[in-house]
Structure formats: C-alpha cells, structure tokens
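Letters A, B, C and D mark the chains in the order given here, with residues in each chain numbered from 1 onward.
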Amino acid sequence: MSSKYKALKEECFEANIELNNLGLVIYTFGNVSAVDRKNGVFAIKPSGVPYEKLTPDAIVIVDYDNTIIEGSMRPSSDTKTHAFLYKNWNHIGGIAHTHAMYSVAWAQAQKDIPVFGTTHADHLTADIPCAEPMKDNLIQGNYEHNTGIQILDCFKERNLSSEEVEMVLIGNHGPFAWGKTAAKAVYNSKVLETVAQMAYLTLQINPNAVRLKDALIKKHYERKHGKNAYYGQ
Amino acid sequence: MSSKYKALKEECFEANIELNNLGLVIYTFGNVSAVDRKNGVFAIKPSGVPYEKLTPDAIVIVDYDNTIIEGSMRPSSDTKTHAFLYKNWNHIGGIAHTHAMYSVAWAQAQKDIPVFGTTHADHLTADIPCAEPMKDNLIQGNYEHNTGIQILDCFKERNLSSEEVEMVLIGNHGPFAWGKTAAKAVYNSKVLETVAQMAYLTLQINPNAVRLKDALIKKHYERKHGKNAYYGQ
Amino acid sequence: MSSKYKALKEECFEANIELNNLGLVIYTFGNVSAVDRKNGVFAIKPSGVPYEKLTPDAIVIVDYDNTIIEGSMRPSSDTKTHAFLYKNWNHIGGIAHTHAMYSVAWAQAQKDIPVFGTTHADHLTADIPCAEPMKDNLIQGNYEHNTGIQILDCFKERNLSSEEVEMVLIGNHGPFAWGKTAAKAVYNSKVLETVAQMAYLTLQINPNAVRLKDALIKKHYERKHGKNAYYGQ
Amino acid sequence: MSSKYKALKEECFEANIELNNLGLVIYTFGNVSAVDRKNGVFAIKPSGVPYEKLTPDAIVIVDYDNTIIEGSMRPSSDTKTHAFLYKNWNHIGGIAHTHAMYSVAWAQAQKDIPVFGTTHADHLTADIPCAEPMKDNLIQGNYEHNTGIQILDCFKERNLSSEEVEMVLIGNHGPFAWGKTAAKAVYNSKVLETVAQMAYLTLQINPNAVRLKDALIKKHYERKHGKNAYYGQ
C-alpha cells in the first residue's frame, strides 16, 4: 500500500503515539496533525480510534478545505479546527489537541496561566491565553471551524504572535498547541501541561504570588530564542 | 471445565482486569459484572479475591434474585446492588463499582460533580449526581439491595435517564457506573474518575467557576451521541 | 548460611519489598518487622540499606529488649519502637513504618483523619488517631523507646483498641501500622495512605464535610469484621 | 577515545540519568555536575541534550573559570552557576539543578519551606531557603554567574552553612542542591522535592500548621548526622 504521503503519515503517527506516551491523553481524547506545505495537505488521526490500535496506515490525509485526499477512515472530529489554523498560519507545521488534566482545569476555570517562573519564560513571554467560550450563534454553526476563528480572534484581540505563543486554552474545553513540526506541537502540549500544574500549585501555596519580573522574562526567553541564544547545541 | 457461561465469565474477567490496569482499584476495592439477558443471569467477581490472583474460572454466575447458578466461590459483597440494577434497568449490560480516589472524594464531600467542560459534556449533559447517604432504617435492613433502591430513587427524584447518565456517586461511599457492556461500564468508571479530578482542580483554581453553557453542553453531547453524531467511525 | 530464622527473615524481607513496590517509601524511609512469638524475637530491616540492595540474609534478628540475636548489620534506627510494641501488644505479628506522602501530611498537620466514608469504615470505625508530638524530656531520653510509649499512651487516653485500630500517626513524624502478620501491616500502611489522600481531597472539595453516620460505620465494619461477616471467602 | 576524565564523566553521566529516573526532570529541564578537585575541573551535562540520548562521551569538562577543557559540545547554560559554587565552596563534590514540580511551586510562591516534620529534620535543621529573585541590574549582567552570587548572598544573610543546608530555591526559578558527590546532590534534589510536596499538603490540611519543635529537629538531625549518629551502617 504505497502512498506519496507515507512519510507524512509516519510523522503524524509517531507524534500521536508520543502524545499518549507522555500521559497527555486517555482513550481517544486528543489528536495530532502534521502538514505538507508543498502539497497543501495535512495528516491527522482518525476519529475515535484508541492509541493502542493506531497504525500509520490509518492516518487520514485532508486538504485545507477538509476534503479527504487519502484514507479509508473518518478524520478526527476536530479536523476543521486544524484546517483553519493551517490555512491562516503559514508558519506552523503541526498541531496537537488534548484533554490533559491541568490544562483542562485552567480552561474550565476560564483563567489565563500567569507567567510565574522561568520554566514558563523559557518558552514564551506572555501569560498563556484562555480564549472566551464560544458565542451561542457560533456553536450552532460550523462548530469546529469556528473554534479556529475563536483562536485567531483571541490572538488578534490580545495582540499575540502565534510564532512566539505556540499554545492556547479554549474556555471550558481544553488546550491546542502548535509548532514547526508535529513533534514540536506535542512538546509544547507537554510544556503547557507542566506549566499549568506548576502555576496551580504556586497559587495554592501563595494566593498572592506575583508574575515573574519583566527583566527575567526577557532574559530567559532570549537565552533560548533570542538572536544571541546560547541554550542548546 | 466447560460451562455454557464461558464467554460471559471471560467478558467479566477481562473487564475486572482492565479496572485494575486503569488504576481505579487497589487490593479488592472494586468489582465488575456482565449480564446475559437471554439466560437472565450475570457474571461477577468473587468477593475479596485480589486482581492478581483472579482467573476466568473464579468468576461467579448469579441470577437476578441473587441465587448462585455456577461457581465455587462467594460472589462480591455488592452482588445484590448489581442484581437490583439489572432487574430494573433492562438496557444495561455491565456494571462497575470502584473506590477510585477522586470519585470517592466527591462522594465523601456529598456534592454533585458540575458539568464544567466539554470532557464531561462529551459523555453526559447532566451534573453527575451524588445520591444522599442511606437512611438508617434501610442500612439495618438489606443493605446492598437497598443501595440499588437508593440509586433508582435518586434518578427518579432528579428525573434522570439511566440511558443517558451512566454513572452515579453514592454519598459517603463511592461510584457505580454502567453501560451496554461490562467494558463500557469500566470505560465510564475511568471517565467519571477523570472528570472528577478535572472538576476538583477547576474549583481549586477558580472557586467561582461556572457550568458549561447549555449550547455547548448540547453541541458536544450530540456530536458523539445525537442522531447526526459525527464522532468515531 | 542456614539459620533457624530463615522463614522469619524471608517473611520480613518480602514485606519490606512490598512496601517499596506499593510506592510507600523512597530510599530508606521506612521499615517492616515480623515477629516470632514462640522464640520471643523479631526480624527487622537493617538501618539505611536501600530496598534495591536488600536481601533476606541482611535482615536482623532482635529480641524484645533490643539485643541482636542474629545478623551482621545494625538494625533499623526505629527498632526500639518495634520492640516496645511487640512486648506490650501480644496479638500483633508485624509492624510497618513509612514516610508515605499523605500520611505524613496529616501527621505534620497534627490532625486525626476523620472517618468520611466506607473505604475507611471497611477497616476501622474510629478516626485514625494522630498522637501528640513527644514532650521535650522524653525526646532527650530514649527516643525510639519513648515513641512506643507515646503510641500506647495515645491509645489509652482515647480508649482505642489496638486490635481494631491497627494504625496511628505520630504528630510531626509519620505513620506506624501493624497487624497479625508483616504483610497485613504493609496492607494497613497502604490503606492508611489511601484513606489519608481521600480525606484530604474531601476537605478540599467540601471544608464542611461531615463524618460518616454511625449506622453506616457499623454496617461496613461488621460486613468485613463482625461475627456475621460476609465479605471475602 | 581515552580521556583522563573518563571516570569523572561516567560519574556525571550516571547522576544525570538518575535525575531522570527519579522523575525530577522532563526533556532537558535539569543538569548535574561532578567535580575533580585535584585537577580543578568539573564534568557537566551538555546543553539541550535529551536524557534519552545522553552518553558518557557527550559530558563536557570545564574549569572553574568556565573554560572548556574537553568535549565537543556546549556545556549546560547553567555552567557558570556551577563553576561559581565549586570555586567558593571547597567542600562540595556535586551539584544538581532541576525544575521539579513541587520545588518549583515553592520557588514561584517565593516562600521558604518550613521544617514541618522529621522527614525534613532528618536532612537539615533549617527551613529550606528561597533566595529573592535577582535584582534587575544583575539580570542584565552575567546572569548565570550572578545566580551563584545570589545563592551565596542568601546563605550569608541568613547565616546558613552550606555544609549543613545542601539545597536552595531560587525565587521564581527552581531548586539547586549539592553534596559530597554528584549522586548525593541528586539524592538531595529528591529529598527536597519530597519535603516540598509534604509541606504543601500539610498547609492545605492545616493552614496553621506549626514548625517542628526544636528538641525534635535537633534529635532527628543528630540521629543521622551528629557525632553519636546511629542511623545507617
């Protein structure tokens, strides 16, 4: 069963398996996609298939208008959200969605996650935004497509860059994360979950905990991401 | 040792083992049963046997009046609760009972679990009910039988459907969950435990967290369970 | 290296390993002993030996007056507490001491663990007692011996039976548990840790949570331990 | 590829792997170093290398002035902090830095960890200090070097001995721990994380929990570390 999308499917498959290995999903509560910019398609997990039974062949290929290009199964029910983000954000290569415990808790609490420390600032300088729950008229419409709109609107209103802030919480729902590759989107999902738990515990110990001071936010972010970055090889 | 209930015992055995694998029980703190509607009997875990030592042959076959039909061991001490539910709810195929951590915590707190997000709404539209602790005169009577009555009374008082709401907390005790099969009852036990932990964390982060809006509750539930459901294969 | 205490050492060794497997200890933060009533000696973990390096031969045999009867290593630093309890409570066959997370948290909070539900009542009808921290003059004396006195005094003051209540918290320190065998002492340590976590979460969800009603406490305890017990085989 | 630092690199490698095995790090969020006092150099993890891909050969050898002596990779971005501590504290043989969950939560809350019990007192008699976040002018300067200054200043201001208190929290950042060897530094990191979680839970159960009384602090510490210590072999 040869396919021109074999490598793309395998990248997508590996990223989905990693999501499960990292403890970010149970059952079918999550999905990862990987994009092929040259061909204008992306690979995504089929809907409702347990991770234990997932194979690279089961991965579905879809274009940015949600047409199935290859694959015998129905793609993730969140496919339209992925398609919308790929269409609007040319720089991203992969997207992950989970119902991970602490990320969901902040989303259900409808609170942004404040930047309380360097673990957070190593990855982004802003608070992690929690988008408002969707308006009723949008829910009745094209729901998953509109989730994508909801994310873009949130970034516009707050003047956030999706290149720097690679994660968001959807109020009363859960997290989406993205990155240059599907693997990076999964990495960002794990970072978000970790930072979400740290921030939760911080507020339990000190309800008046203060945000990291600006000089430290800048220092840590630029150590890893600035033009004079000296972290890593 | 051939038995006409061999397949039923194996279904019951597998579901009990899965309960343990999912981290929902320690020692002997739980049990699962599976029903055979045609023969009017159900298979249930023997009482006090550790999961590590459980075999399909040890599973006990009981009828709806609690008469042992097959098996050399004493059935679970909660057998009468299972029997009562099977007798009254024709649509269910399996029942699971655990003392899982977060489910028990809500039961001991005597609080319903509010529907705070889509993880919950993907499975049921109502708050997960916590039945009031049993009245003293019922405790002194046929206790496990009366636990079944307690569950049915709770559903009647609140006008809940046991086809839509497949789980309940017994005040000061713990959760029961059910479903079309024993495997689904175990699945529902895991969903309940997950949702219970999410709701607990949500209230820790925001004591004034609000329930999911009705339009979203309906949308998520119908995405998976409505007549135009498009989740899964 | 044959020894008349070979079986006793092995019982003690297995119970110590199980303590570690159950996640109740890290490093050397715990110890289990097993008694031989006929010979008036008990077997106990050597002090400061990591569980990964423990062997049955390393187990030390000690009498009730803390004299080493067999073994080339120094016994646990808590040996005198074990000896004192064996000397005073003829009915017990094993003792376990840990620094397990939730048990220690209640001990450090200096609070008894209220009987909030049936998981607790299945094992004991009383709140789990937290003994007051030791008086200064006793600390300067024979500390570990006096820890034994502290436990007995606590049970006397509260009129508790060490046959029914097989566990205690030492204020600002941690838990001791016992039972008919070393394995039962380890079991009780795990039950204590589980009930401690459940009670902690219950109070987080509902700070006004109430104790289980007396009729239910009695019912659940007698289901398992009364003269008409019908739990188990 | 023979090297006069082969044994040192292996010690450092093993300690880094243990940090990961103990669940104290995810991805590249941590590092351990081991010093060779005779040659005035230390071995440290390369920057940004995942633990799964780490080999003894990849370990970098650096002197106290941060000059790379051996190794083809860039050393940890925290190298200057390690160098500063080795230069100023002659008695230490290893240093570990993590972003472990509960340690970070206390650091982000900017709170010292009070000595609430004997688990803490078995290791140190003081509260675990949380150094104030760095002043802005120091952040803009030689950041990682200044983190070392920040630690020393904290110990001077509070009159703490780095031989007795082998751990510190950096406000809004995370923990550093040290010891006679790299393995001991890792051990202290695990003890710190455990004590941090215990103290967090203690305050959740009893916001008015009191510090361990002085006589008990002294007793437990001297049991293990005093001149008449009787813990261990």
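Throughout what follows, a contact is a pair of C-beta atoms (placed from the backbone, for glycine too) under 8 Å apart; a residue touches a chain by one contact, two chains touch by 3 or more.
According to UniProt, the chain labels map to these proteins: A, B, C, D = L-ribulose-5-phosphate 4-epimerase.
All values derive from a computational prediction rather than experimental measurement.
Undergrad: Tell me the fewest steps from chain A to chain D, where a step is a jump to a chain it touches.
TA: 1
Undergrad: Counting residue numbers used by both copies over all numbers at the interface, does the chain B-chain C contact come out same (over half shared) or different (under half)?
TA: Interface between chain B and chain C is built from largely different residues.
Undergrad: Counting in whole Å, what is the centre-to-centre distance of chain A and chain C, each centre being its mean C-alpha position?
TA: 47
Undergrad: For chain C and chain D, what's the span in angstrom between their mean Cα positions?
TA: About 33 Å separates the centre of chain C from that of chain D.
Undergrad: What residues in chain C touch two or more of the other chains?
TA: As it turns out, chain C has residues touching two or more other chains at 204.
Undergrad: Which of the residues in chain D end up touching chain C in this complex?
TA: Residues of chain D touching chain C: 116-119, 187, 190-191, 194, 197-199, 201-202, 204-206, 209-210, 212-213, 215-216, 219, 223, 230-233.
Undergrad: Flag every residue of chain D that touches chain A in the complex, lowest number first.
TA: Residues in contact with chain A: 26-29, 46-49, 73-74, 77, 99, 101-102, 104-111, 133-134, 136, 139-140, 143, 172-174, 200, 203-204.
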